[in-house]
Structure formats: structure tokens, C-alpha cells
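Letters are used for the chains, namely A, B and C, taken in the order the chains are written, and counting of residues starts over at 1 for each.
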Amino acid sequence: MKDNKNAKAMDFDTTYVPKKSNPVVKVVITIILIVWTIINLFPIYFMFTFSLKSNEEIFGTNVAGLPRQWLWSNYSRAMGTGNMGLYFVNSIIVTAASIMISLIAAMMATYAITRIKWRASKLTNAFFMLGLTIPIQASIVPVYVVLSRLHWLNRYSTLIIPYSAFALSMAILICTGFMVEIPYDLDEAARIDGCGLWRTFYQIIIPLMKPAYATIGIYSFLQCWNEFMFANVFISDSAHRTLPVGIQQLSGSYTTDWGPIGAALVIATFPTLIVYVVLCKRIQESFIAGAVKG
Amino acid sequence: MAEQVKVNKPSKQRRKRDLILGINIFLFLLPALFLFVSILIAPIVVSVYRSFQDWNGMSEGVFIGLKNYRKLFSNSVTLNFVVALKNSLMLAFFSVFVQLPMALGLALVLGRKPKGERFYLTVFFMPVLISTVVIGQLWLKIYNPDYGLLNSFLKLINLETWTHIWVSDPKTALGSIIVPTIWQYVGYHMLLMYAGVKGVSPDLREAAMLDGATAGQVDRYVVIPIIKPIIRVSVIFAVTGSLKAYDLVYILTGGGPQKLTEVPSTLLQEQLFLANKYGMGSAISVMLIILCFACSLLITAAFREKDK
Amino acid sequence: MKKRIVSVLLAGAMALSLAACGETAPAATTEAPAAEAPAAEAPAAEEKKEEPAPAVEEKKEEAPAEEAAADAGEALTLNMWCIATESDSNRHSYEAAIADMAANHPEITLNWEAFENQSYKTKIKAAVAADEMPDIFFTWSCAFLGDFVDAGKVYCLDDAYKAYASELPEVMMGNSTYGGKHYGVPLTMNIVGLFANMELLKQVGYDEIPGSYDEFIKCCDALKAANIIPFGCAGKETWCVTEYLESVIEKSVGADALNDIFLGRATWNNADVGAAVDEFQKLVNNGYFDPSGAGLTNDEVKANFMAGKYAFYMNGTWNCADFAANADFKDKVKVSEFPVINADKAKLGQLIGGPSDTLAVAASSPNAEKAADYTFELGKLICHYGYLDGCGLPAWTPYGDTSGINPLTQAVSEICAKADSYVLFGDTAMSADDATTYLSYVDQVYGCAVNGTQFIEGLASDIR
């Protein structure tokens, strides 16, 4: 049922189109949209083209045009010195694991908060919502001290655990939005059939929450993928370094040769953008669902 | 509301069942609580405690009362928290009054279903997906005083007098941080608001149109009031996001020139890791938490006030 | 194939040392190959890739090792952090030294990681705070290391030093000696040099770097008139400003006065210092500095200097290596001492600098004693190769053939040979807290937000 409603909101064709729209307004709007499109695409275009140029072209003769000579060698240099491939994989591992953990923890917590009646459930929810406003920087030192006492630095989990914790509040917020829409009759029916809380959770709630996964995944992704401060301080060996730190370090080593820097930036950025463009409809819908529910 | 487990008269059996229920609730909450308390709550408690100390992170801390907080607000050359605060409020101001209106405008326009709606939506969201470090590096290349795109362009169109050393000229440094920040997240807020706009039922629009409202009036009097809750969330995100800003400032200006573009988070990092003042760093993080929290409450209250 | 041979060799050598050698005396390897610097590069890279292999072997050998004898031959893994990243001019000397060490001590596996300078400061401090230090770590001497020593986190090197005292003069240990005890192994020492692009100077009629301050200013004016920017300085990294400012102050007030101030023996509130700061600001206001420099990092400024954008560049003499390695640039550049401004108080031979790059051993290391010996030996080799590469002057007594050293470093050697006194870089000499305060004020001075009087008064009240 609720899926239907959701889909309807998303359906681009059902929106009402004003019939007597002013042509001048229409032209102005189109111009604004095109200008903003250019402003959004140009930096990406600029990054891509300068990744293929020599310093000579970047520094004067051909600042913004297409490269005259396509220097793919910049890429091999960025890959060779920068280890960008490894950092990319690390980022994926850390982000994916963080999403998984925050998702599971959020699902369980939301179940306890929204579908079991007990006195402090509202308070507990409010408690978790505190996390939306706490800046991640505030906890960096105490967390670092604790993790290091436990000899827990320089592993993937060093980043995964804090990232999961920081993604948790948003995940619970979105989960709540989705979960309250599942009819409570289902729980009742399951209870009459003799299902305990855990089985109800496992057999009814988890399958019905599927649409929420993508949404939570996207919000968590945006939080974890770009994180720089924790990654910079908590990871000291290059084997577990993530992409943001890797790029920052690489930019330090090629301060004057812009081509390889551009190449590294492209390597760090384009895979995500390509996945996004391929899956854009689903990603946008999930994102939008989060906004509507949350 | 969930009605499946009601708590009635306390009998022995009841109590036992309550206990089991309690244990189950606890177990369901356990993973989230563990993460939340160990990574967020406990560190904050520790930070509050440390913020009353003079502690260099290595030896024992010395209790000094409110001295750290007092120093934060005494205008010193080394640690100008007031300037940092002013900068993040500037950032918040531009986010709320430039970025969000832009996002809202785009969302409303796209809500009218122009040609290429899907394309625009996709493109406008792209910067959100790019790592902030990449954006920072990219903009450094745009701002570079000698070879950067911006100055080269200004020279090309004979506006040589307009060229600046963008990131280190006191007049333009803060602006050069604000522009990429706004640029990156317009798409994020646009998509949030667009979701709201799309959620407005077509019947409502049609009814308003039949009453003779123009498209603009429909947006103003029908759509915006309906998506107000989403706008509220956007405002909260924009303001707390500005208070937390770190990456772009660190990469673009590093707080310079002459500490004019420091924000609380860069000061925090500097106090912790350059000056070894963990006590002072903790005081800054406590201030940050309080500020973020107060702003969220204020915004929520402001929106409630307006509704009345 | 090649790799496999290396690992077999390594394993074999390790087994040998385990079975046979009763005593690998720490000083046994003093005759390290001296003139192999360039050739050593390839093995160094090889060695690093090989690290996992010996580590595995080492586990296998652990049992017999315990039986054999619990002495120097035991397999051991040490961790080291440093700042010799791939773009750092010291990179090669580390690689070569570590390769030599691996050959001399096959029983010790060294895992090393290099970090970018600025983020390393964050990282090492956080690690010290949390007792998560590697066995051996790079540090700056004086106050930076002093904070760690005060906290009891650094292993005292007095015992290990005895074996090396003849090669490492006591005076070079001064900056890493606290309470009469030695805590650091110095590598190279560096001073601030005035580098000049002679090609540009020639264009305005100077064949030599002007020796007197008046001449120097005239030269700057001439350069400016010819549309050549006299100075390049990275405003984004405040330590680069101090390279200029400290030289101006020292050549105005004299080395002793400045030293007393840096080390906290005298107050900042010194009118001569204020006047020197005003003098520095005059240079800024006269437009001698590249205005774009304010928005650049040091690496960018350095590249600009090498590309011929500036006539002068004041920076550490570690740059000699990079300048000499650049075929186009090496013949154009010369190095000299900053001229004396006030001859009543200062004179030539008063330099800014000293041994600062240091290796130290963590007190928490389970193998601290062996790590200490290892560190001395490694430090000596890094110093040796670093000197050959031109990364600085040696803190250790040089050995082997040094005739191939680039002329720039030799010129620095000559300057140092005539040196009268040294003042260590201000931000190294002061504690972290004071150094950040000091750097903020320097930043303000460069931006002309405070003048000399405000500078001395502010520092006098904010420091201590």
C-alpha cells in the first residue's frame, strides 16, 4: 500500500502542468536552469580536462579548452605514486561496512522504539536524535584515546565504528518514518500466531522495510564517503588509508605538476559519479523518500 | 500507536513478563546504544570534564575551573574564538539566505515539470557526491593567483584590476570559502525540497489554478506552506553544518590570512594537535555542541512561532 | 624471480644469524658502503616490498630462536614513523640507509611509514597522548621532543650513546638533551640560507649576492624597477615567514639576545626586536615580497623560485638537494648569509638553525634497548646519505668520499665553518603552546595587522 503512495509522489507524469504559463517566464526559467547546469558541470569538466594536459597548457596557453595533447600518462603517474586504487577500495570497504552496521543497529532500535509500547520510548528516541546536531569533531580526542588504549588503531574497524555511530541518528530518523507506515495489525496477527518479538522483527519488519535500505544507505554514504578528520587522525598506515586522506597527501606531493593531481581527483570522483548517473533515478527516489519520511 | 503489549495490573506473572519484555527491549536497543554511548555520549562527558582542565594530553591535567571558557571569549591573537564564531555565523547566514532560497527556487521550478527535469535533477545533485577534499583541491586550482582559472578569465575579459589572491586576501578569503560551500550543497537541499514539492497533491494545485492563481502564487501560497517542515529541516542542517564546517576551510585557507577565516573546528584542531592544549580543545568542542544544540532548538521554536 | 631470490637470501641470512652469531655488536657495521648512494635506490625499493616475506619467515624461526640464545640474534620487528614522503628530499637517504640496515641486520625487520609533515605533527602527538607510538619515531628537537620527554614517553639513550660518542659529537646532541640525559639521535643540521637566482641578479647588474644590507636593499629596488620580484615567501605556511623574520631580527639584535628570548631567559619586550620587526615590515610594504605568495604553499613558492619568478628565497638549506638536482637551475643558484643590519649588535657568522631533525625511541617500545642501538646506526646512515644528497650538513662526523657533494651544500659548509653562533628556529625552540602563539603573531606581522611594538608587547604578555 504505502509503496504505492510513495511511487505516486515520485511519478513525474502526474504533476499538474500549468496551462497558461507565461512564455517570458518560461524562457527566463530555462536560462536559469541552463546557467546553473553549466556552473555545476564546469568544475567537473575543468577537472577532467586539466587532468589530461601538460603544465604548459594549464598555465597559460589553454586554460579552459579541450587538451591539445591527451596526456593519459598523467593517470599512470597518479596511479603509480598515489596508490589511488587501494584507497578507493578502502573507502568502499569502510563505507559499506559502516552502512551495514548503522542500518542493522538502527532497524533494531527503531523497532524497539516504534513498535513496542513502553514508557521511555519517546525519550529514547529524543536521546538518539541528539546525534543529529553533535559535531563529529567534538568526540575525536576521547575516542582516539579509548581506541588506542584498546589497541584498535589502523584497522578498518577503527573508522567503521565511529562512522556507524555518526550515521546512526539519521538512520533511526529515516527508519522511524518508514516503520510507522507498516500497519500495526501485522504485529498483532503475528503475535496471535505465536511469534515472539524477535520473530516478528525478523519475518515481518525486515522484509517490509526493504525500501528503507536504499534511502538509509544513501544518507550514510554521503556522511562516510567524504569524512576527512577521523580518517586523517585514526589511520596511520597507508594500507588502510581512505580516499580523502590519500588525495590530500597526493596533492602535497605534486604541488606543481597539476596534471597528475587532476588525474587523481578524477580517479577519486568519476567512479562514484558514473554509478550515480547509471542509478540516478533510484538514488534520487530513495533520497527523496528519506526527505518525505524523515 | 503500538498496542500489542499492554501493561495492566501488576501480578506476579505480569511482572515476569514485563521483565522479559524489558530485557528484549534492551537487547533490541543494545547495538545502537553501544555505538551511540561509546562514540558520542561518553566522549562528550569526558570533553566536558577535560574542558575544566589545563591538560596537554600527556601528563596529568590540572583543574582550572572556567578559565578555558573565559579565555575563549577574551580577544587574543592566538585564539580568536569570537572571529571563528563570526565566520561560521556568516557561513550559516549565507547558507540560509542564499543557498536555501536558491535550492528552494530550483526545487519549485523543477516541480513545474520543465523539459529535462530528470537531467537537471541529476546534474544539480552531482557536487554533493564529490568528496569535499576533491572540491577543495579543485577550487584551489580555480583560485590560484598565478595560473588559476578565475584570474585567467578575468584577465581574458580585460578586468585585470578585479584579479585577487583569492584565498589569502583578507577581503576575499572568507568569500572564497563560502562560494564552494554553497555551490556544493545547493543540490542537497534542492533535492530535499523537491521531494516536498512533488508531495503536494496535484488536486490542490489545480484547485488554486482554477481560482485564478498564477504559478508563482501557487508556489507561494500552496506549496511553500506545505513543505515548511522540510524547509525547517534544511535550515537546521544548513546552520549546524556551517557551525561544523571544517574540510573546505582547512584545505582552502587553513584559517588564514592572519587567522581571519578560522572557524571553531579549525581552532579545535589547532589547539588539540598543534598547541597540545587538550583542555582548551575540549572547551571548544563543548561550545560547538552547545551552539549546534541551541541553534536547532531556536530554529524549531522560530518555525513554531511562525505557524501560530 | 628476482624477488624470490632476495627473500630466499634474506631468509637464509636470517637463519645464519640465528644459528651462528652469538654477538652482533652494534658497532660492527661502521664500514657501511659509502659511495653507493645512487645504486642503493633500487634495492631500497625492493627491500620495502619484501617486508611481508621476512616477517613470515621470522615467525617460523621464532621457536628455534628462543632455544638458541636470547641474545642479539633474535628476530625482531621494529616500527618507525617519519616524514620522508616520496616528495621529500630526504626520501632517498632514508631508503638507502634502511636498505643498508636490512643488509647489516637481517634479523631486524623495519616497518616504516612516512607522513606528510603537517599531519604528522597531529598524528605523533595523538599517538604519544595515547601511548600508541611506534618503536622509533621522527621528531624535531628542543621543545617538540621536550614535551614528550617531560611526559616520560621517550626512552633515554645514554647507554646506547656511549658506543657512538666518538662519531657523534656531544655538541650535536645538545638540542635533544634534557636534564643532562640524551633522548634523540640527530640526523642532519640545517640553517636558513639566502638563496639567490644569479641570472636575475645579473640582469640588474649584480654578479654576487650583496654583502651589506644597504647594497642588498638597493639590489631589491633595482630588481623591483626591472619588474622582477625580489622575495618569494609562502604565506600559507607561517614557518616560511619566520625564515625571513628571524634572520632580520637576528641580524639586528644579535644572536645572544635572540637566543635568550627564544629560550625564555629574556622577555620579548625588547625595543630592538620591535624595531627589527618594523624593518621587516618595511620590506613587506616596499613590495619586495610576491603578493601571490600569501596564498601559496611552500612547495609552490619553491617551484616558482626554481622557475625564475623570484630573485631571492630565504629558506632552510635542506633545499640544496632539490636545487642541485635540477639540471636547469643548479648553475643559476647561489647561497649566502643574510647581511648584517645593525653592526653594533650583530655580525656575520650568526646563523639561524642547528640540528633539528631527530629520531627518538619510544619508552613504551618492548624492544627499546635494541631499538636504541638500531636508531643510532640508522641515524648515522641517514645522516651520511642525506649529506651526500645535499639535504643538509651532517650532525655526525662525516666519513667516506664526500667530494661529490653538490657545490651549494659545500657553500653552506663553508658558511657554517665560519659560524660564530647559532639560534635554533623559533618554533622548534619553543614549547608547542608558545610556538603556536609565536607563529600567530608572525602571521599578523606578515599581514601587517600588528606593528613591531604590538608584536613585542603581545608576545611578552601572551607567552608565560
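In the analysis below, a contact is a pair of C-beta atoms (placed from the backbone, for glycine too) under 8 Å apart; a residue touches a chain by one contact, two chains touch by 3 or more.
Values in this document were obtained by computation on a predicted structure and should not be read as measured data.
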{"item": "Chain of greatest Cα-centre distance to chain A", "value": "C"}
{"item": "Comparison of A-B and B-C by number of C-beta pairs in contact, larger one", "value": "A-B"}
{"item": "CA centroid of chain B to CA centroid of chain C, Å", "value": "40"}
{"item": "Whole-Å separation of chain centres (CA-atom averages), chain A against chain B", "value": "15"}
{"item": "Residues of chain B whose C-beta touches two or more other chains", "value": "57, 146, 269, 272-273, 278"}
{"item": "Contacts with 2+ other chains: residues of chain C", "value": "122, 126, 129"}
{"item": "Multi-chain contact sites of chain A, meaning residues that touch two or more partners", "value": "141, 233, 248"}
{"item": "In the complex, chain B residues that touch chain C", "value": "56-59, 76-78, 143-146, 165-170, 253-254, 256-259, 269-270, 272-278"}
{"item": "Residues of chain C that touch chain A when the two form their complex", "value": "81, 85-87, 113, 115-116, 119, 122-123, 126-127, 129-132, 297, 299-300, 303"}
{"item": "Interfacial residue positions of chain A with respect to chain C in the complex", "value": "81, 141, 144-145, 147-149, 151, 153, 232-233, 236-238, 248-249, 252-256"}
{"item": "Complex interface listing, chain C residues touching chain B", "value": "121-122, 125-126, 128-129, 147-148, 150-151, 153, 235-236, 291-292, 294-296, 304, 431-433, 435-437, 440-441, 443-444, 446-447, 449-450, 458, 462"}
{"item": "Footprint of chain B on chain A - complex, ascending", "value": "9-10, 12, 14-19, 21, 25-26, 29-30, 32-33, 36-37, 39-41, 43-44, 46-47, 50, 58-60, 63-64, 101-102, 104-106, 108-109, 111-118, 124, 127-128, 130-143, 146, 161-162, 164-166, 168-169, 172, 184, 187-188, 191, 197-198, 201, 222, 225-226, 228-229, 233, 243-245, 247-248, 251, 258, 261-262, 265, 268-269, 272-273, 276-277, 280-281, 284, 287-289, 291-292, 294"}
